[in-house]
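Same chain, two partners: chain A is paired with chain B first, then with chain C.
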Partner chain A sequence: MSFILLSLTTFTSLFSRLISNLTFNNFNIIKVIILISSGLIALPTIMDWSDLGVYYLTDGFSDVLVILTAFLIPTSIISNWNNIKNNLFFELVFNLGIILLINFMCQDILSFYIYFEVSLIPLFIMISLYGAANRDKAADYILIYTLFSSLFMLMSICIYQMLFNSTEYQMVNLMVLSMDLQSIMFMGMMMGVAVKTPMAPFHTWLPVVHSESPLAGSMLLAGVMLKLAIYAMMRLMLPTLSDASLLFTPFIYMLSLMTMMYTSLMTLRQTDLKVIIAYSSMSHMAVCLMGMLSNTYMGMNGSLMLSLAHGLVSPALFMMVGGILYDRYHNRLMYYYQGLMTYMPVLSVYLMMLSFCNVGAPLSLNFMGELFSMAGAINKSPMIGSMATMSVLLSASYQMKMTNRLTGGMKSKYVKSVADVTYRENLLMLLLMMPTMFFGMYPKWMMEMLTETNNVLYKM
Partner chain B sequence: MFTFFHEESIHLIMGNWFSIGEMSVNYGTLLDSLSMTVIVPVGLVTICVLIYSLDYMKFDPNRNRFYIFLSIFAIFMTILVVSDNFVMMFIGWEFVGIMSYLLMSFWNTRMPAMKAALSAMLLNRFGDAFFVMGMSMMLSVYHTTDFNMMELITPNMDTIMLNIMAMTLLMAATAKSAQLGLHSWLLNAMEGPTPVSSLLHAATMVCSGVYVLVRGSFMLEYTPTILLVILWLGGLTTLMSGLIAMVTNDIKRVIALSTMSQLGMMMLAMGSSSYDLAIYHLYCHAFFKALLFMSAGSIIHSLMSESQDFRKYGGLIDYLPYSYMCMLIASLSLMAIPGTTGYFSKDIIIETLYGQYNISGYIMYFVATASATLTSIYSLRLLYLTFMNNPRINKYTYTFVHESNMMIMPMTMLALYSMFLGYYRDNVMFHLNLGLPHTNTFMETEFTMPMMIKYLPMMLGLTLSLTLVYLYEMSYRYDYKVMYNYLNQKMYFDQLTNNVMMRPTLMLAGVLNKNMDNGLLKTLGSTGVSRLLSSLPMMFMLNLMIMLMM
Partner chain C sequence: MLFTSILIFLVLSTYICHNDNSFNRLGTITVAFITLMFISSLNIVSISNGITLFNNWFIFKTINLPIIFMMLLFIMSWLTYSSTNSISINFNLLVLVLTNLLGLMTLPLVNDLLMLYIIIELQSYTLYLMTGLYNKSYNSTRASMLYFMTGGMASTIMLMSMYFLFNEYGTMNLNEMNMLQNYNNTFNMTEMMLMMGLMFKMGMAPLHRWSMSVYNYAPTYMTAYMSIVAKLSMSSLMFANYWLFDNYVMLLFMYMSLLMGAYKPLYQMNLKTMLAYSGMLNFGYLLLSVMSYDMSYYMYMMQYVLTHLLMFMMLLSAGELVTPVSKWSPLLFMNQLNMNNNYLLMSLMMCMFSLMGMPPTPGFFSKLFIMESSLMDNYMFEMMLLMMCSVMATYYYANMMKMSMNSMTNKEQTVYMNSTVAYMMSVTTMLLLTFYIYLPNMIEGLMMMYM
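Right after this comes the complex of A and B.
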């Protein structure tokens, strides 16, 4: 079945290029073909299969993230529909999507690691070819930071391989390791997760990468790739290194709290719109991590819900500032814009709705996720958890400051007025906003998917 | 017809919002005497304000957006009031804050309005953070947020957790109801259109903090420490806002300050465990305060400059007689003149403070009396400077001053309420938590109050407001410099928060951004590694040279 996915991507590339040649370089056809196949790649995820002794299947955890990924790939392709006219770019997004999908499906730690790393390749090429001014730096940052940190992860995986001669989840989960070994392996794994999440001292790559990468890259990076860290925590660390995770929870809680406060403070002083959204992702991911480590059913569910919510809202905000506004003005500075309400009212409405979603207003999925994560965190550690609830205030401070600045005031006469949101952008905004609102009001379907969270609890 | 009869409370569950583990949160409505009392001013004032704003916003190009926002606000206020659990209440709680942000920033090309909206949003968010903290604690301690269920569990609850949860609710209410410390947004909120001030910042939204505390009264009754905090917080707020209102010159800000003062009164009532009195004052206050704002709006609207500084009004009684009448009725009600609505709701709160017969109660009785006196003084000052004083505007402006029939209609309705609503108090009292020992002090008050104490607030209010006449007519001078400046600058509270909290935080963020994010972490991370790599060959060379030289 992996072969089918491989041939699908090869066939899509070849076929689209062929058709494009036949129709005298009609580029639109390429985009349409890739868009259609990007929808089709979700189909194999319905099935379970095994290749080379590795099982590919999904359960409730992965389902949520697989759906998110399958949803975000076409969305991110549409997001760069007009501003990049190149075959390779769309193929890269498409392949990145396939890798991420498989990443959530494979049932083997080593394969997880491989896909985790392989996903950097398309992103690296994408950023270094289609990024903004500082693209070389950004591409190097993401590659070196995540690759280097994941080597520690690889070390832990090597220990598994050495001990059990297997790295399958099912196999590994049955084993009980000594506390010392668990601690060492936990630290190794945590290095990879902490950089990918990212946690406070290791986060410097994210703002640079987000601000320089093309829109689809930002969307997939914020929407899906950051969730890989949460997924890795839940899949690789909680079930097998359970004692160590319990032992290290206070440490990681402090780190998360620090991340949350530190990045929120940083965000208050940023001027680049994409950097602001990037920092806000860090702060939300820290809350996710707290929920995940709370060892409560509610906290873990909340963490996954917040992951999903953030995976929808953050790409939409990137689309807003890096797509809609950037396409029109080619500027990412917050102070460049003012008075959008007067001449781009629809955009302002979207911006406000998304901002309120991002700060966790009720009836959005973000609220659910945040509330449950906080409740879990408070259950685990009342003091740190209570301090973490201050993220509600902090996230509002930077997000509302930005929204307020953008929507308020008179239209500057030095800025030419442009068309409001187009049909394509409307579609994208609605695609990303509808699920957020729907699951916020009626989260039942999603919560039913997440009932297996119970199995990861450490029952004393 | 207007006698008390018992009504069964109705608990409707419309559907399940989410259920997680053994916890289940419903979309439910709890129609008990508490929510049914509060829904009355919400509905009536909303409809009045909508009619009022039909005329007030007649020539605004975006008036449709305004009416839509007002209506959405009404929806979420209703959700806040009728919800049956704290999480659902938070929907309303958060969204009335959001709608307040949107309505205050309605004139979005004005920077002061945008800034005021942001300030209100963030201070409200401060309270929301505590509300979320409280809800998280309820979810992890109570495993439910349903009011009825929680009420049953509370007597068996851990006292420390109960205290913390009550504290978080109090913080949330402090932000929303503009109590001392988190109040500065309410004064800035006066940048918004007057119907917004009338509906949100007088009658409904600012009262939601009080409402939430009354909803959580079953918890507060088991946390006497928090009740004491509420009592003192309310006392300080009511006194401070009264003092500031004495020397404030913006007509809407004076009314906002008096709202704050009355909210402080409600807090005082809650602090003395008289939740019904707090809610009754909320109920009555909504009408006359909305009317005050509407009359002020009528004045502002009819002036060409739309000035809000009432030192510049003067002599408007001949031009706006109906607005004067409405404002006079509302002010008399606010001053608790016997026979008006405000008397029935406010005076009994002050009496009950004394009727607690404990030291905090005595102190707060005098604080509240002082505040009531101040209320009389600044209300009369407002009336005097606006309507009686020598005309201060140019003659041309006076030629355009007019009443508006459309705006008069809702004002008339509210004026009737401001006069007569208070009589039917017994119909509204609902004896919340009456089974608990401290909640029936008002009965004791009824029978043991010395005559002097009972009439003191009224006598002081009436006599001391005469000093105003003396001050303005006989010895008018502006050289109470220090005190005047201190109060006129709102006790330098904005400056205090800015200089102690906001600026240092932003400075810290800036320093961290410069030295940490783009300094230390880069040096230890990317830049440092690249430097190391590029200087490695050099180090080898040096090493080689040294070795060769040896």
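Right after this comes the complex of A and C.
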């Protein structure tokens, strides 16, 4: 746990409260200060430092996710700019963001676990304070599911600690463990990862939590927290438990395939808009996992690209259904809306474009990610890989169903017509859509960044 | 120093008749002096095997010093609290506390069975009296009576086992007994009986039902006292003389306490009973660290004392913020946590997270150390059970937190608390929150102690 983290958050909270007291309880000042500091928080990631015996540094792999996180923190703060009037909420989002940011930087397995767990605290408080109607259940789900599964992860970490007396990545990566020990530790680690990703039998927490949590929480959850599982797979499991991960690949491929098929089919019959987006992120994370375990550079790169793409597109979709539409109608039911094209044209355009991004249409980063992940997966296992490509079709079907339902048809006379997208919402949409389109059309930068990483990590 | 001050206060109490807080404040200063003397006499520690005192009755070893230090600190802060509120003004309280402190401090140092009995009775009798001190409260007398009955029973069991032990070994001295035990390595029932007596007194499952009632009936700040220090000193005795006790029987107690402590409070609405069960759960974890005889014991103790101190202080001081159930236990039910002081509730929530074992609170680190040491000793199943039970317990902690969160989005009101209590609570909160920062230094120190 970083001392710097504690001091930064404490300073920001105290400073913002002090200023707001000085300006006669002007709440807007607190929001602005927290927004500015959430942007500034990306500055320390440029440096490398060590703190209480743990090194914090980045390489290309974590750079991608650090950039994503640093980008999403201010975005999620802006997303709740008008509808929540309490400084505690913004402090919680800010803290959650910092924790996630540093999670990708620490170079120690135990620290990784600590940040992984500690991010539950602000999330739990946020959901049970500002969540929707079913928030009690959602808060329990996120806490107990994740805590229980990651205790198995902690058990594996304890074995590292017991064997090597250290859990630093560099130190642990130098060791080769026996096959049976690796298998047991892989299973322990996999419990944590499978729940966080989430894989099919352990996924029931995700739709509830995503749909009930406030918008900023959903955005950070879908955008960053699900990627923690992919990151854990890459950092904690592939380098040290490499034999076991080869051994378990068929099993995980099967699970991923089940997840893709099952969640895509489940999505087809959901009525809650936020639940649909949540389910769709599940099937995309399963694609990521397949790419990560494909044992090829291409698959791993694709997996990371898809992580980044999904981290941009999924928050944008959440923003659309949970923010723009929800703020206006206070309703998340899909069948409530129709004919948005007639009176909210700008929103409809955004929705169409993001939907196409989400299904992985060409010229979006999602396409590149899915292409490489699937190519890696087919390389590893032609049968399962080619079956997994079905997921593109399935995701297209539910996404198109949703988009059609919302944008098509006539405006219902029972629904009030409201103003189209505001400047703030426009800004958010563009912020999230531009990078997706840009990297989709010109993925070379991304590829270069990732390729250098692979050299650092695996060819040294 | 302690003994002298007991005598002085005893004599003083016959002269002064008016009741006010100054007496308790004097007591706090006395305990502070005792702590100071304790710290300054720590250099005896350099004698590696310990030093025996009073004709081999006591042995002063490094093993128990952190626990004694923790007890002194706890009693100091407890007395500081009781000097700020009105119901604790009772003239006999201080004399009883100091006498009890004498028992508490010497119990872990015991090296002789006879002394063990005497000290444990000294400690227990004062506790019975303290529980019944506020005899205007019907529940308090009830608790005291129940405590006395069950405690007496446990003492009888212990006395009987001591007779059998003497019959078998022909000595009362624990050191010699240890040596003899090393030569004939047989399992005998008598040591089990001694342990059962101790477990009975600590209120571990399956012998726990009395403690739940006693903790519930007694006035809240008496509950704070006895649920922490009595268990602390007895478990520390067990830690110091771990060779005397059979691990398999201890395992039985551990399984039962874990399951009961995790399962029973799920149906409770009474906050004090829930805390009592959670204390039992925590002592279940502690038994694991006693069995593996590891530094994790100190770690866990530290988090237990800090968390419970803060939690009880919160429960007591929140009495002014809610409609009290009774004068003696103002905050009794879970729905009363819905109160109007966000900072208080935040620190309560931090305690809960610590009890759950969420990083970066001390609860996580102590649980990590326990897991590690139990892995080292191959207590695999026990560790799994610990994980299961802590997740089950998470559910009721989360429930308590959600109760307390209901009021958090309200407009903040400025509520004035007693500044001393507020200061103590904020210091404890800071200690809990920054635990991970001073943790590495503490591990080094404890390793030295333990070697």
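Just so we're on the same page, the second predicted complex is superposed on the first by the 446 of 460 C-alpha atoms of A that agree within 3 Å, B and C clash if a C-alpha of one lies under 4 Å from a C-alpha of the other, contacts with A are read in each partner's own complex, and residues count from 1 in each chain.
Simple rule for what comes next: contacts are C-beta pairs under 8 Å (C-beta built on N, C-alpha and C of every residue); 3 or more make two chains touch, one makes a residue touch a chain.
Note that the coordinates shown come from a computational prediction; the quantities given were computed from them, not determined experimentally.
For A:370, is the partner it touches chain B (first), chain C (second), both, or none of the two (neither)?
First partner only, chain B.
Is A:298 contacted by the first partner chain B, the second partner chain C, both or neither?
First partner only, chain B.
Look at A:400 in the shared chain and tell me whether it touches chain B only, chain C only, both, or neither; answer first, second, both or neither.
A:400: touches chain B, not chain C.
Look at A:117 in the shared chain and tell me whether it touches chain B only, chain C only, both, or neither; answer first, second, both or neither.
second
Of chain B and chain C, which one contacts the greater number of residues in chain A?
B
Go through the superposed model and pick first if A:159 touches only chain B, second if only chain C, both, or neither.
Once the two structures are laid over each other on A, A:159 reaches chain C alone.
Applying the document's definition of touch, where does A:194 land relative to chain B and chain C: first, second, both, or neither?
A:194 sits against neither chain B nor chain C.
Same chain A residues contacting chain B and chain C, which ones?
144
Which chain B residues qualify as touching chain A in the complex?
Per the stated touch rule, the residues are 16-21, 23, 87, 90-91, 94-95, 98, 101-102, 105, 108-109, 111, 113-115, 117-118, 121-122, 125-126, 128-130, 132-133, 135-137, 139-140, 164, 505-506, 508-510, 512-513, 516-517, 521-522, 525-526, 529.
Could you list, by residue number, the parts of chain A that touch chain C in their complex?
These residues of chain A touch chain C: 1, 3, 6, 52-53, 86, 88, 110, 113-115, 117-118, 120-121, 124-125, 128-130, 136, 139-140, 143-144, 147-148, 151-152, 154-155, 158-159, 161-162.
Can you name the residues of chain C that touch chain A in the complex?
Residues of chain C touching chain A: 342, 349, 353, 356, 358-360, 364, 368, 371-372, 375-376, 383, 387, 390-391, 394-395, 398, 401-402, 405, 408-409, 433-434, 436-437, 440.
Residue numbers of chain A touching chain B in their complex, please.
These residues of chain A touch chain B: 141, 144-145, 201-205, 262, 265-266, 268-270, 296-298, 301, 339, 341-342, 352, 356, 359, 361-363, 368, 370-372, 374-379, 382, 385-386, 389-393, 396-397, 400-401, 404, 407-410, 441-444, 447.
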